[in-house]
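Shared between the two complexes below is chain A, which pairs with chain B and chain C, respectively.
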Partner chain A sequence: MVALLGRRVIQRIRGLLYAAGFLYEVLRESFLFVRHRQVGYRVLTMQILFTGVEALSVVAVLGLALGVVIIIQGMSLLPQIGQGQLIYTILITVITRELGPILTAFIIIARSGTAIATELGSMVVSHEIEAYVAVGINPISYLVAPRFLGVTASLLILNLYFNVFGLVGSYFVVQLIKPVPFAEYFRGLLSSLQTADILSSLVKSLVFGVIVSAVSTFNGFRVESASTEIPQVVIKAVGQSFMLCIVADAVITLIYYMR
Partner chain B sequence: MKFKIRFAEQIVGVFVLVAVAFLALVLILIGINQRWFAKDYHFTSRFPSGDGLSVGMPIKFKGFQIGAVDRISLDENDLVDIDFSVYDTYIDKIRRNSVLELVSSPLGIGGGLVFHPGKDLGPPLAESSFIPSLNSAEGRRLVQAGLVDIPPNSDAVTRIVGEVDPILKNVNATLVSVHQLVDTLNGGLSGAADNPTGSLIRNASDMTAQINKVLVDLQSITDRLAAAANSPNGPVQGMLQPQGSMEKILNDNDALYDHIDDTLANLDATIKQLSDFVTYLNSSQPEITGILDEGRETLSQGKEVLEGIRNNPLIRGGIQPRIEQPGTSAGYRDGGF
Partner chain C sequence: MEQQSAIELQQVTFKRSAAPILDDVTINLPSGKTTVILGPSGCGKTTLLKVAAGLVIPDSGRVIYKGRNLHALGERENILFRRETGFVFQDSALWSNNSMYQNISLALTFHDPLMGEQEVRARVESLVKLVGYRESLSRRPAEASAGERKIVSFLRAIALHPSLVFMDEPLSEIDHPTAERMIEMIRDQKREGRTIVIVTHDPVLTSQLADNLVVLDNGRVLESGPFAQVVRSTNAEVISLLSRVLSEASTFDGNILDLLDEGTHL
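Presenting the complex of A and B:
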């Protein structure tokens, strides 16, 4: 019993150390990737295209809907208690600081995290990784680094678009239902928006991007030989990504309020 | 190759550039809105207590925010030093003999830092100058000397009273209106007013007076009738007397009755004759109706004949007038005498 527990703890620690080593290697290769502008640049472009551009429509709809709901509910309820100006603070808090980064991360996990884990798992099963190593190509440098950078950059940019649609786009949609003066709305929004909010949002996106890309690629490489392992690692990648993103979100929010 | 794959770099470039441009725009707008690029002028002041003071607290002048508190600290003399900044757009208001007032409301509303400019119309104070607070000795001296442009009702209670005053005035005006309305109603009901209610009341009063007058006349007529009926020389008594008309009518040996009876008999005979005539007319009515129908039919046929003649193409030109040819030989009988 004790031996079993000890073995499991040792395995877990080894797994964590391995993951830490993998993350270090990915960060190092990504840094080198940016410096050397390797042949994987095309892979990076395609990764941003698939992860960022193709997810834009989903992010836009989600941001618009969320913004419209908050504005309509806020404009209806808050003036009744004499706190109409709070709508801008609520918009910034919900869209920019909290739900923008986390919802974008969830969309990326569902779309690209699963795709990356599946793709890398399939490459392992079909011995493509071994082929890369055999011809002297570092798979982390060629396969992981562009995906890591692409997913992280896409999440960062998609978060900005989420804010554009959530804060600006929703205003124009709300005009069709409940007109709000343009100058008043944007003046209130800019008065409530602080650089710390933007920084918090960007840091969250960056961290979530690192988590999603690292977890997906890491789990993709965990496939050993059978194609049946692929769905298993994909499920693990999604679960771990969700969990780590939520934990990281809580930590960053805590740091934001402790400053 | 698909369009998206072929132009992947351009699409990604636009995707990134738009996001970066939005971020830059938002940062610039925040900077403008939060005065990152505007110059603020810094001044200092001193208060006996830090109660009610906070960093970032707005400094207001006539309801406008002209600056904010940057720093609060307790000095070695146990007084509270504050550093505050004034926006460049309002720097010309910071004149000599200006004071700062910490307004704290006993009701918990309407507090804040209020700036009162000095009456000196010279150039603005230099940056980092000291502006005394109103409850310091220097501030009180400036106010007592009349050097500060300070409104008379700047304390919170006075302001609240000032806000209540218009409400009381409104209530007073409403009560005056109600009073006037009651007066108007009273005037109208008493008929003294010139409004429609007054004239209605007046008309009703006049009508009542006229009815009273008519009733009085009626009473006098009734009295006269009663007097006439009871008078011994009146027509009624005359008719009822032994030598009156009634006596004559009743005691004329049925002459009047017989005359009426004869008249009625004659009238009965006349009515009978009239009834016979009407019966005859009724019995003759079908014949008369038939004659009239035949006459109408004849006229209709004649009309049709005339219409046929008019429409006949052979004689459409009409009938030539006949010219009488005189005889060549005249008879004996044609000769004149």
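Presenting the complex of A and C:
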């Protein structure tokens, strides 16, 4: 029993060390990516297209709908308790600082995290990864670094889009239901927006991008030989990405309030 | 006379789930020669080939390339080694998201980033012409037959004119005329002094190209050495195994060892 427990602990520690080594390699190769000739740029472009551009409509609709709901609810309820001005603080807190980064991360996990883990897993099974090694191409620099950079950059951009649609786009939709003076709305919004809010949002996007891309690629490479392993690693990639993003979100929020 | 080694495996052992795939394997792959690895299915031939090519790291033992342990090479040395080697996978292992053209040209653009697009295209087209491949190169591997994929895998392996070529069942899934052209291309590689290591069950390929034979069974080397010496082995185990292995892929009724011995061996 004790021996079994000991083996499990050692196995877990080895797994963590392996994951840390993988992350180190990914970070190193990503920094060196520019030097790695032109062959990887096509992969980077495709990743930004798939992760950043193709997810734009989902992010826009989500940001817009959330912004509309907050504005309508806030403008109906807050004046009743004499706190009408709080709507802007709530908008910034919810859209910019909290839900913007985490919801875009969730969308990316569902769309790109699963796709990356599936694709890399299939490549392992069909020996395509070995074929890259055989011609001298490092799979980390050619396959992982562009995905890592593409997903992280896309998450930053999508978070920005989420904010634009959640804060600005929603204003125009609300005009159809409940007109609010343009100058008053944007003055209120800008006076509530602080540099720390923008920084917190950007840091969260960056960290979530690193988590989603690293976890998805890592799990993709964990496939050994059978296609039945692919759905298993995809489930793991999604679960671990969700969990790590939520934990990181809580830590960054804590740091924000402790400053 | 001792032949100069291109690759030397020293006491290589490789296990999967405690079961030995390779058991204390020591062989010499002579430089500029063609070595054929023979053995029954599942005896560890592919693993041996991958260990020799540095694609699989053994649990113990060493793989010596130019006097150095292959698995201890630095990043730059490893890239240089890869530039010098080509590998034809048993299942072709083409990159499914790339076109056939990209599958052949990627190694060229990676190792020679200064090579212009036109030069790359010219190199790819000359290779394609050599093998008589007439299908469109813009197709993806999934749209091609298994034989076509194998040909492209072969072209990818030799695109950089490597000095060392590893081939895992290069003629499987290929029709007879194409197989003949492939044998001719392998023969050209041999004439140009390249070191070739082939895993095959094909008696024709073996008889026509092998300079050296390695006979493998259950992860152990039963016999290795010059072709003429191994096919005349007095070891009953070797004789029985060679007959069994080669007859698996043969439609000939005659004695397989006779067939090998009397082939058009270079």
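Criterion: the second predicted complex is superposed on the first by the 254 of 259 C-alpha atoms of A that agree within 3 Å, B and C clash if a C-alpha of one lies under 4 Å from a C-alpha of the other, contacts with A are read in each partner's own complex, and residues count from 1 in each chain.
The rule we apply is simple: a residue touches a chain if its C-beta (ideal position, glycine included) is under 8 Å from a C-beta of that chain, and two chains touch if they have at least 3 such contacts.
Everything numeric in this text was worked out from a predicted model, so none of it was measured.
Q: Based on the superposed arrangement, let me know which partner A:V94 touches: chain B (first), chain C (second), both, or neither?
A: It touches nothing on chain B or chain C.
Q: Who does A:L23 touch here: chain B (first), chain C (second), both, or neither?
A: A:L23: touches no partner chain.
Q: After the superposition on A, what does A:V125 contact: first (chain B), second (chain C), both or neither?
A: A:V125 contacts neither chain B nor chain C.
Q: Please indicate which partner A:I137 is in contact with in the superposed arrangement: first for chain B, second for chain C, both, or neither.
A: After superposition on chain A, A:I137 lies in contact with chain C alone.
Q: Could you tell me if A:A110 is touching chain B, chain C, both of them or neither one (first, second, both, neither)?
A: Touch partners of A:A110: none, neither chain B nor chain C.
Q: Is A:A65 contacted by the first partner chain B, the second partner chain C, both or neither?
A: Neither: A:A65 stays clear of chain B and chain C.
Q: Is A:Y161 touching the first partner chain B, the second partner chain C, both, or neither of them?
A: The first partner, chain B, only.
Q: In the overlaid three-chain picture, which partner chain does A:L78 touch, first (chain B) or second (chain C), both, or neither?
A: In the superposition, A:L78 contacts neither chain B nor chain C.
Q: For A:I198, using the defined touch cut-off, is the partner it touches chain B, chain C, both, or neither? Pick first, second, both or neither.
A: In the superposition, A:I198 contacts chain B only.
Q: Name, in rising order, each residue of chain C that touches chain A in their complex.
A: Touching chain A from chain C are residues 50, 53, 55, 75, 78-79, 81-83, 85-87, 89, 91, 93-97, 106-107, 109-111, 113, 156-157, 160.
Q: Across the complex, what residues on chain A touch chain C?
A: That would be residues 37-39, 119, 122-123, 126-128, 130-138 of chain A.
Q: Which residues of chain A touch chain B in their complex?
A: 45-46, 48-49, 52-53, 56, 153, 157, 160-161, 163-164, 187, 190-191, 193-195, 198
Q: State the interface residues of chain B toward chain A in the complex, per the touch definition above.
A: 4-5, 8-9, 11-12, 15-16, 19, 22-23, 26-27, 29-30, 33-34
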